[in-house]
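Structures incoming, each one as structure tokens.
Paired with chain B in one complex and with chain C in the other, chain A is shared by the two complexes that follow.
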Partner chain A sequence: MQAAITMNADWREDEGGRVGLWLFILSEILLFGAFLASYVGTRLGNPDCALGVAAWPEAGHLPGLTMAALNTLILLTSSYTMVRAISRAERGDRAGFRANMIATVVLGLGFLVVKSAEYALKISHGYYPGSELAKANAGLSIFLSYYYMLTILHGLHIVAGLIWNGVAYYASADAPMPSVARRAEYAGLYWHFVDVVWVFLFPLLYLI
Partner chain B sequence: MNRETTTHDDGGLDLGVYLALLGLTAATLAASHFTHGGRIMAVVLALIIASIKASLIGFYYMGLRRERAMMFIILGIGAVAVGILLVGILPDLTFARF
Partner chain C sequence: MTEFFASLTAGVLVFVAGYGGLQGPLGRQAACVLAYLAALLVFLCVVGGAKAMRAYAQGREPEEKHGIARYFSFDVDHKVVGVQYTVAAVVIFLVGGTLALIMRLELARHGLQFLMPDQYVTVMSLHGITMVVVALIATAGGLGNFIVPLQIGARDMAFPRLNALSFWLLPPAVILLLSSPFLGGLDFGWTAIAPLSTQGTTIGKQLFLLAFVTAGFSSIFGGVNFVATVLTMRAPGMGWRRVPIFTWSIVAAAIIQIMGTSVVAASLIMVTFDRVLHTTFFNSDLGGNVLLYQHLFWYYSHPAVYIMILPAFGAILEILPVYARKPLFAYKLVAGALLTITALSFIVWAHHMFTSGMWMLLKLPFMVNTELISIPTGVVFLAVMGTLWKAKLRLDSPMLWALAMVANFLIGGLTGIPLADAPTDLHLHDTWFIVAHFHFTIMGGAVFGFFAGFHHWFPKMTGRRLNEALAKTQCALMFVGFNAVFIPLFWLGNHGMRRHVADFPAWMDPVQTFASLAALVVGSSAIVFSYNVFISLRGGEAAGENPWEALTLEWKTPSPPPHGNFKTPPVVAGEPYDYGASA
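Presenting the complex of A and B:
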């Protein structure tokens, strides 16, 4: 009887945690969805902002696109290593979990490094709100505002995900494996969501 | 731990999903090349491919295929809200004269 009560309490905590996390993800969907809908409407409805592929004028476009594609590869790979980390944790393989989680963290840091290099490239070409280039082209200025707002917001989510993953990794040193697996699953849900956001940002910001 | 709904033990399937995601990323790049100049088609195609990728991540990596109906209701609210926002701009795009 006591065992059944304990198992039921564990189930409620686990279920409650997941429902809470999905509700949090819902709030994030609404946040990014509102910004993206506004962005798509502006790009489609306003000829001043209808820059097409020329959203990034020729100088620096290809290197910037290459960096964005590389970041897509990095994030998709980090999602795969995260799945492997959760799988290892659920099997009770502590070393396997830690190896895959540290790989996820390193890939996340790699994303931020590449993103920083991309920002430096764009700023060097005058692609930032308030630059002489942007002042001369209202459409470009609107686009750049959206670009920096959306990518910085996404970058902040990457940082939050890295902290979450780091805490899960740190706590896994001596915690019981069921607890490690639960933390890994929650961290994984968030990390995958951040990946999903980038899946939409990449084509909308770089390819249209 | 609710093993019924959270176990990620499909090693080969997870790798297959990862490779599919990479393939769809390549398709996104290719599609943008072929739709050059057609903005609306480019946006629609980009959103369709991105939605397929997001579904793969959601169902296989986030474990939605094993989740209860409640999670789909939660996600459905988000999808409907964002859909309303996207569809809501159509009248403006259709009737506005710039």
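Presenting the complex of A and C:
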């Protein structure tokens, strides 16, 4: 049993944060996993909305595909600025970190603005749950249900990520750089996760 | 600044709720959701969450508090959080128990006594959900928070602020639950099965959903915290083969909390969307699927019973070696068994749905998977028997509770077999047979296990010993009373007594009256318990460092432990259950 005695020296003092964050992300994966499994299961099992059924709103038939494509671009760019922010923070470049983090936050806000415009466009065409259009068409109704729930919850995750990024930015004004870098890494992990969720949502909701 | 942002957000939410909900297009349900979110934010700020958040943003250490007031504030010490959880669990347990007594009085004879059927269902639903909360938080949240960091020789949890947050999310959830009967009531039990839960516009139903999701957040945060703590903060020398079994059980339960809770949150969020935004997830006229709710719900809610029972297993397995003065039998095997139960728990959920009309072919695998769980559970019993074998028992009160738990759980486990078998389940589904079965596992198992742990660790948590005579009286009253209430229920259920119903045929009267009288015995044990805790806190005998002569790390520090837990950081050099023959 001598070997066991040193085992905990493997863990650095700040390692708990990274482990905890990954565990939390695991929980989040199961949340979106449950939604996406329900969505896919509904499409597979339901005659109203299987692929190719007339009632199911195919891909670009609903307004907003261009906006969603723009949003995909925005989020992917924000992931890039986030990576830059982390690497600047690790190098000890405070100003570089702050500039890139601000860019990430602005892009995240931009995503929310475009998303709101897309909602407004859809609602103005009568594409929302409970509308006359939706009540007349089971496939459309269930599609809109999943569309709004998934995008609203993803939007809330974007808001949470923005708050997280904002705290990291706020704290970076005078904190020592190693601590800034650690916060940047945690905020970055979460932000990338939120982006990856969108990478799943975009094809599932708009393209297939 | 945090307070500013929080109050701004709360203000906006209230405005949208008031304007959009009551006047505009959103409706009352949405107003209720938004107003609750605002209230939750304000509540967390008031108890001190905003201050802790600001300290985090500025990179300061959490401040150390003193005195009794710390138990009513956002305190980050794991020992304070553990006590908060334990006290909350006991208080909610007494509330839920009172609800149970109300039901038992209504059921004392046939016909309606003093509750209308819908009131009975509301009382039943509230009893169900409050007791589910108790079973989830008592051992894992209360004893786990206090004991696990001590057992592994850590200073605190990995995320002390998150720990405080996970506790402080609970009071709002419980307040919501308890206010729901005054706002239209609940009629769907603790399961909120759709489409019953998507129909009807009472606010009470909506409050239930919000409370459930809030408690879910609390549970996820707690689970993340435990796993991260045990992974990264064990004392030098504590390899995985030296982790005490209670800590193992908490890790197993925490894995379920992390991997299950978000899925049930998904199902409740979908119900909320159906109620608030007129989506049609569970409306089969408009493309929805009602069975989907049950799949998502039971995916979590079956594993949830293992969140309740695994820490109780851990507690009694921790206790037995101490009072048997022998090493825990098959320690490695039983640690593996706890993790095996965790893994299997995620592939058995549809045994709740044998009568639901789901795909026939699913019945066989779910039946087999469910029965597989009896193998690791058998290993737990093997460890219990092996530890007791030829031991000279010290029959102190924690040991009595642990033995009572084993006896109860044996009945609970064996009566689970006819429910896991699809053919017999068709007959027993939704009868009191199931009610008796899960009370033997959750009340007889999880709650008795909690009391075992409570009596074992009370000296460590408070520095004082409980009165042994009263503790043994409580154990005897509760054990006899509990068995007398629930054993007849198996028989009634098998003869057709259904759940959720306030009335029954007159020929059941003698048995029902007997169960009601026995329930009063259980109630009286709660009074003995409260009295015992009260007098022991005021004038109990000082406990000293290690009153039970146990070997795990929590007993190597003063009772109650000081801030930071250990005066010198401990180094582990031996096995956790090295009780020699001479002891």
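Please note the rule applied: the second predicted complex is superposed on the first by the 182 of 208 C-alpha atoms of A that agree within 3 Å, B and C clash if a C-alpha of one lies under 4 Å from a C-alpha of the other, contacts with A are read in each partner's own complex, and residues count from 1 in each chain.
As a convention for this text, a contact is a pair of C-beta atoms (placed from the backbone, for glycine too) under 8 Å apart; a residue touches a chain by one contact, two chains touch by 3 or more.
None of the values given here were measured: they were computed from a predicted structure.
Once the two complexes are overlaid through chain A, chain B and chain C fit side by side, free of any clash as defined at the top of the document.
In the superposed pair of complexes, A:23 makes contact with chain B and with chain C alike. Legend: residue contacts after superposition of the two complexes on their common chain; A:77 is shown touching chain B, with no touch to chain C.
Of the two partner chains placed by superposition, chain B and chain C are both touched by A:15. By the touch criterion defined above, A:87 reaches chain B but does not reach chain C. Contacts of A:145 after superposition: chain C is touched, whereas chain B is not reached.
Judged by the touch definition given at the top, the superposed model places A:178 against chain B, while chain C stays out of reach. In the superposition on chain A, no contact is made by A:66 with either chain B or chain C.
When the two structures are aligned on the shared chain, A:40 is found in touch with chain B, with no touch to chain C. Superposition on chain A leaves chain B and chain C with their closest Cα atoms 7 Å from each other.
Where the contact sets of chain A with chain B and with chain C meet, they give residues 11, 15, 19, 23, 26, 30, 33-34, 38, 41, 45-46. Note for the complex: chain A touches chain B at residues 10-11, 14-15, 18-19, 22-23, 25-26, 29-30, 33-34, 36-38, 40-41, 43-47, 50, 52-53, 69, 72-73, 76-77, 79-80, 82-84, 86-87, 90-91, 178, 181-182, 185, 188-189, 192-193, 195-196, 199-200, 202-204, 207-208. Here chain B touches chain A in the complex through residues 1-3, 5-9, 11, 14-15, 18, 21-22, 25, 28-29, 32, 36-37, 39-40, 42-43, 46-47, 49-50, 53-54, 57-58, 60-63, 67, 70-71, 74-75, 77-79, 81-82, 85-86, 88-89, 92-93, 96, 98, going by the rule given at the top. Chain A makes touch with chain C in their complex at residues 1, 3-9, 11, 15-17, 19-20, 23-24, 26-28, 30-31, 33-35, 38, 41-42, 45-46, 48-49, 129-130, 134-135, 138-139, 141-146, 148-149, 153, 167, 170-171, 175, 179.
Residues 56-59, 158-159, 162, 220, 223-225, 227-229, 231-242, 258-263, 265-267, 269-270, 273-274, 277-281, 285-289, 292, 296, 299, 571-573 of chain C are the ones that touch chain A when the two sit in their complex.
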